[in-house]
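Each chain carries a letter (A, B, C and D) given by its place in the written order, and its residues are counted from 1.
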Amino acid sequence: MPLPLVIDTDTAQDDCVAILVGLLDPEADLRAITMVAGNVGFDKQVKNAWMTLNVADRLDVPVHLGCRRPLVREWVSAENVHGDGGGGLAIDESGLAPQPEHGVDALIRLAAESPGELTIVCIGPLTNIAMAIIKDPGFVTNVKSLYIMGGSNNARGNITAAGEFNFYVDPDAAKTVFAAGFADIVVVPWAPLTLVDGVFSRDEIARIAAVGTPLARFVVRVCEATLAFDESVGIMGSTHPDSLTAAVLLHPELISASSRYAVDVEADSELTRGYSAMSWGVHGLEPNATVVEAVDRLAFLEYLIGLFGTATTPPRPFDPAL
Amino acid sequence: MPLPLVIDTDTAQDDCVAILVGLLDPEADLRAITMVAGNVGFDKQVKNAWMTLNVADRLDVPVHLGCRRPLVREWVSAENVHGDGGGGLAIDESGLAPQPEHGVDALIRLAAESPGELTIVCIGPLTNIAMAIIKDPGFVTNVKSLYIMGGSNNARGNITAAGEFNFYVDPDAAKTVFAAGFADIVVVPWAPLTLVDGVFSRDEIARIAAVGTPLARFVVRVCEATLAFDESVGIMGSTHPDSLTAAVLLHPELISASSRYAVDVEADSELTRGYSAMSWGVHGLEPNATVVEAVDRLAFLEYLIGLFGTATTPPRPFDPAL
Amino acid sequence: MPLPLVIDTDTAQDDCVAILVGLLDPEADLRAITMVAGNVGFDKQVKNAWMTLNVADRLDVPVHLGCRRPLVREWVSAENVHGDGGGGLAIDESGLAPQPEHGVDALIRLAAESPGELTIVCIGPLTNIAMAIIKDPGFVTNVKSLYIMGGSNNARGNITAAGEFNFYVDPDAAKTVFAAGFADIVVVPWAPLTLVDGVFSRDEIARIAAVGTPLARFVVRVCEATLAFDESVGIMGSTHPDSLTAAVLLHPELISASSRYAVDVEADSELTRGYSAMSWGVHGLEPNATVVEAVDRLAFLEYLIGLFGTATTPPRPFDPAL
Amino acid sequence: MPLPLVIDTDTAQDDCVAILVGLLDPEADLRAITMVAGNVGFDKQVKNAWMTLNVADRLDVPVHLGCRRPLVREWVSAENVHGDGGGGLAIDESGLAPQPEHGVDALIRLAAESPGELTIVCIGPLTNIAMAIIKDPGFVTNVKSLYIMGGSNNARGNITAAGEFNFYVDPDAAKTVFAAGFADIVVVPWAPLTLVDGVFSRDEIARIAAVGTPLARFVVRVCEATLAFDESVGIMGSTHPDSLTAAVLLHPELISASSRYAVDVEADSELTRGYSAMSWGVHGLEPNATVVEAVDRLAFLEYLIGLFGTATTPPRPFDPAL
């Protein structure tokens, strides 16, 4: 039976790939997409989500708009990294509309409708998740699992030395989520995991391009802006933390190493804002999360290439054409 | 035309009096009560609200349950100050039920239904207000005014030297509210204002008792626990910051001094948690709030005594009897 | 027998008056002046100290240069308040030289030479005192008393809403001093004490001027810059926290109210940097300081006027002439 | 010409090895040892230093006692890691005495005596160095280089997930040092460098033991306690960050990789206390330190084994005998 899941996303670049995983993998029963302030302008993120649904011919999936700002702090963008996050593409959006229900309420409702069954793939700042925790005292126990892309496992950040973007943008939300008492949290960190096992080289991107489907062309397109940025900061390829998070949920056999950690997030100091303190078992702290430490990178790439081979007919043409 | 308002409250002791102001004053059009985690156990607060509506024979007023916890931090109670906050009274609650709509959503909806007209009297931690700000980007401009009981105007706190209870319990929410850009915020601080102009002596409480109505007996009863605590910490009377906040909204002529301040709240340090930095105009900061500096204490007392003279027939008997 | 004391000072304006108290009052045995970074440029502060010794004809008093910067943070000046802190006056300094011994070492040595006898009048940032604590484990017990001008007693700051200048400039030092375990600390806070009982009106300054001695003329001169600043921020007179600190040490009968407090200083957050949390006995904290709450303002004024009546012949002429 | 240097140390275990490097390597002109609060009780650290000088027959080297506590915070020990830090050994100390000059003053004087020539090997908390900076405005420019063992290079801490011991114990000092403007700072971090290239296995320790000299027996002895602790936390060998710091100073050819970083230290938050933010060039910050990224581990081991082969006759017998 496919796994019921929601993807909570600041859709830009690899968020699109993660959504495609949720849309295309038969193991997934993607019930909704909820949007959160993060990578690029909120409305642009929604456009990126529509385009992703369109390329997969799945415009039926409900899109809920969540929080347009972090809990306490002002929003910070990553547009220097992602550009518009959608590869400069556009579609005619006439007739497309998000659900009237707010993203936070959708998360609360979907969790309550199937207590202990819903997994949320969290690939943006954790604002919506924290809001659901604060608003509904039943949310934490209703959720089966959170799969979170964020933080670093005793390794480097990206937006600052200490801070990975998702946790940096809303450190208060991240701190709230890790303290909330969820039964199962799985973390896909930026470093070292993503930087080692979540990077695809230009040659590998070329392999994706060679698949030749609209899906593959779309993916290559949206990854291009980030690829250029990555190379400018010494990362030799495009980074895929969000799609990796979705992939390890649906295919845990991709995980070659993981451990239990006590995770907390810095929300008081500017220098270390968003830093994820991940204690590995020697400091006497109770573990609250499983952190993925290694995955089979080539198997992950093959898995994506397989998915992108799916033949789809996007109902709305892309401009420029794919 | 009466003023449309909502009272957002952690109902205990003077919160009850503030709700009575909203119920009894003909200047007020109290559209809802929203509950927030604060003084005492959340469910006990709801009982205190029901009892307050009952004594005024206004069980028709909608009660919405809001957040049962602060944004980021764990809830801290003030039960050492307030006891149960309801004077040890109880009523039969059969058939009473809060609205199905969450308090945060009620605030958002009521503000949106009358853009620029709704005033919110905020007499508990600011969690619900912050949640509404974060959830709905239109909330801030839809609200006419916030009347906030909280903080100190360059004077002492209560739960700590630096921190007044409402801001201390949820400093992140308070910080968020003052930074949100509301057109009109009026603050009734704990000190010096409440400690000077919001205290009623035992003799004055006796005057209230002498009014002899169910309302007056109820008020005296719920103030007793706090009175004993106040005296133990050197305050010679019961404190009425919450009812004062409602009163100055409906009767601004009670205000004898107020000024514009730039208000910010400490949310990063434990020593000064919840401290309200109120800059009075010499530090080059843009004012974002009006702080009430002095009121006519006796006129405030007479005003309340007048209200408590209203004859009501509580539909449900109190146990013990009033 | 006169009281052995050292004055640790960031000499500008009222620091000069405080030094004069130490020089002129027969109750005082002023053994040294130690200089610390604070009000104005360090070298200007030393000039102000020389001028003060000169006007009292006491150039024999040893002057030790202490720390030119706070412990951790960068120095912040109060030159907008004090101008040069010396009333635009100058003297020929040829032949004048500070002691070769560093101020911190002088404090350590003088305390060690008379264990349990030395009082330090601390009227600048507490950097030198903290350094002595950190450097010499015997310093804390060797000192008899610290008389500290700094912080606010649950009242306003000056450089920010939360922060009084001395503690703001070096909050780490202030925190260190209050946690060090001194047997006797007496605090003269900025507010409310200084703002109520440490302000002299223009009429009262005129009374000082009328004394007609070089001392009186010097004092009026150095107070002028601050007087203008004070009036610009709503304080109707010149402020005398530093001389009040020296005065209450030598004449405790000036104190009309004081209490024991648990004092701690904020050194982690920028918003509340330097805030002095003064808990008045209801929060279960162990008191570590006596805070002066009220003094006899007129007696303080008369005391100073009496001192300024001392006839002195400054050995070096002032430019411009007094 | 040998390099003039001072070792600033909290002598326990590998600090002893680092001192031996300074004593035995002909490239080094070790002018003094300064002691700082860190690993174990201060007086025990001094005993460990005497024993180290004794085993090398160099009791002529001046030992100066520095600060027995951090700048602002209370001292935290690492005795759970190091035991007494001296392998349970003792010598008769009659007639041994530290210099009368304080360690901070020794650092200031030695730097001032040879401006631009003195290197300080800092292998404990940075309290003494910060004190010298704060006390003497000329210190920073007088020093040629600081070689600092501390922090982590975007990798794990030890005493907490975020914090390496030396920076954790006195984060205020560490922050002060990196902000002070030294012309040359070289950092040997705990992770990944020490954990990869500064660990010697039990077999390698056996190779050291096989050298058979008093020096080698002493080294093996003092490393034993740490070795057991290391294995208990998953490090398969004894750790040598302090001796590595001295070694790379005298033999930069051991360094196989290093880069310029902008280093700052967290001193405001408890969760991330002592965290070293090391920005690697993409965040627009000005570099202030060179961080060693890799060394030739086997060459480092051979180097030490060579030094330990030096024949010495310790003037005082060890108890128990080596």
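Everything below uses one rule, namely that contacts are C-beta pairs under 8 Å (C-beta built on N, C-alpha and C of every residue); 3 or more make two chains touch, one makes a residue touch a chain.
Here the structure is a predicted model, which means the values were calculated and not measured.
Student: Give me the step distance from subunit A to subunit D, shortest route via touching chains only.
Tutor: The distance in steps between these two chains is 1.
Student: Sharing more than half its contact pairs with A-D, counted by residue number, which one of A-B, C-D or B-C qualifies?
Tutor: Comparing residue numbers across A-B, C-D or B-C, the repeat of A-D turns out to be B-C.
Student: Copies subunit B, subunit C: same or different interface, half of numbers shared as the threshold?
Tutor: Comparing the two copies, subunit B and subunit C contact each other through largely the same residue numbers, since over half are shared.
Student: Of all the other chains, whose mean CA position lies farthest from subunit C?
Tutor: A
Student: Taking the mean of the C-alpha atoms as each chain's centre, how many Å separate subunit C from subunit D?
Tutor: Measuring from centre to centre gives 41 Å for this pair.
Student: How many angstrom lie between the CA centroids of subunit B and subunit C, rounded to a whole number?
Tutor: Their C-alpha centroids are separated by 43 Å.
Student: Taking each chain's centre as the mean of its CA atoms, how far is subunit B from subunit D in angstrom?
Tutor: So the centroids are 58 Å from each other.
Student: Out of subunit B, which residues touch more than one other chain, so two or more?
Tutor: 268-269
Student: In the complex, go through subunit C and note every residue touching subunit D.
Tutor: Answer in residue numbers: 67-72, 102, 104-105, 127, 130-131, 134-135, 137, 172, 175-176, 267-269.
Student: Given the complex with subunit A, which residues does subunit D contribute to the contact?
Tutor: Against subunit A, the touching part of subunit D is residues 152, 154-157, 160-162, 191, 233-234, 264, 266, 268-269, 271-272, 275, 277-280, 282-283.
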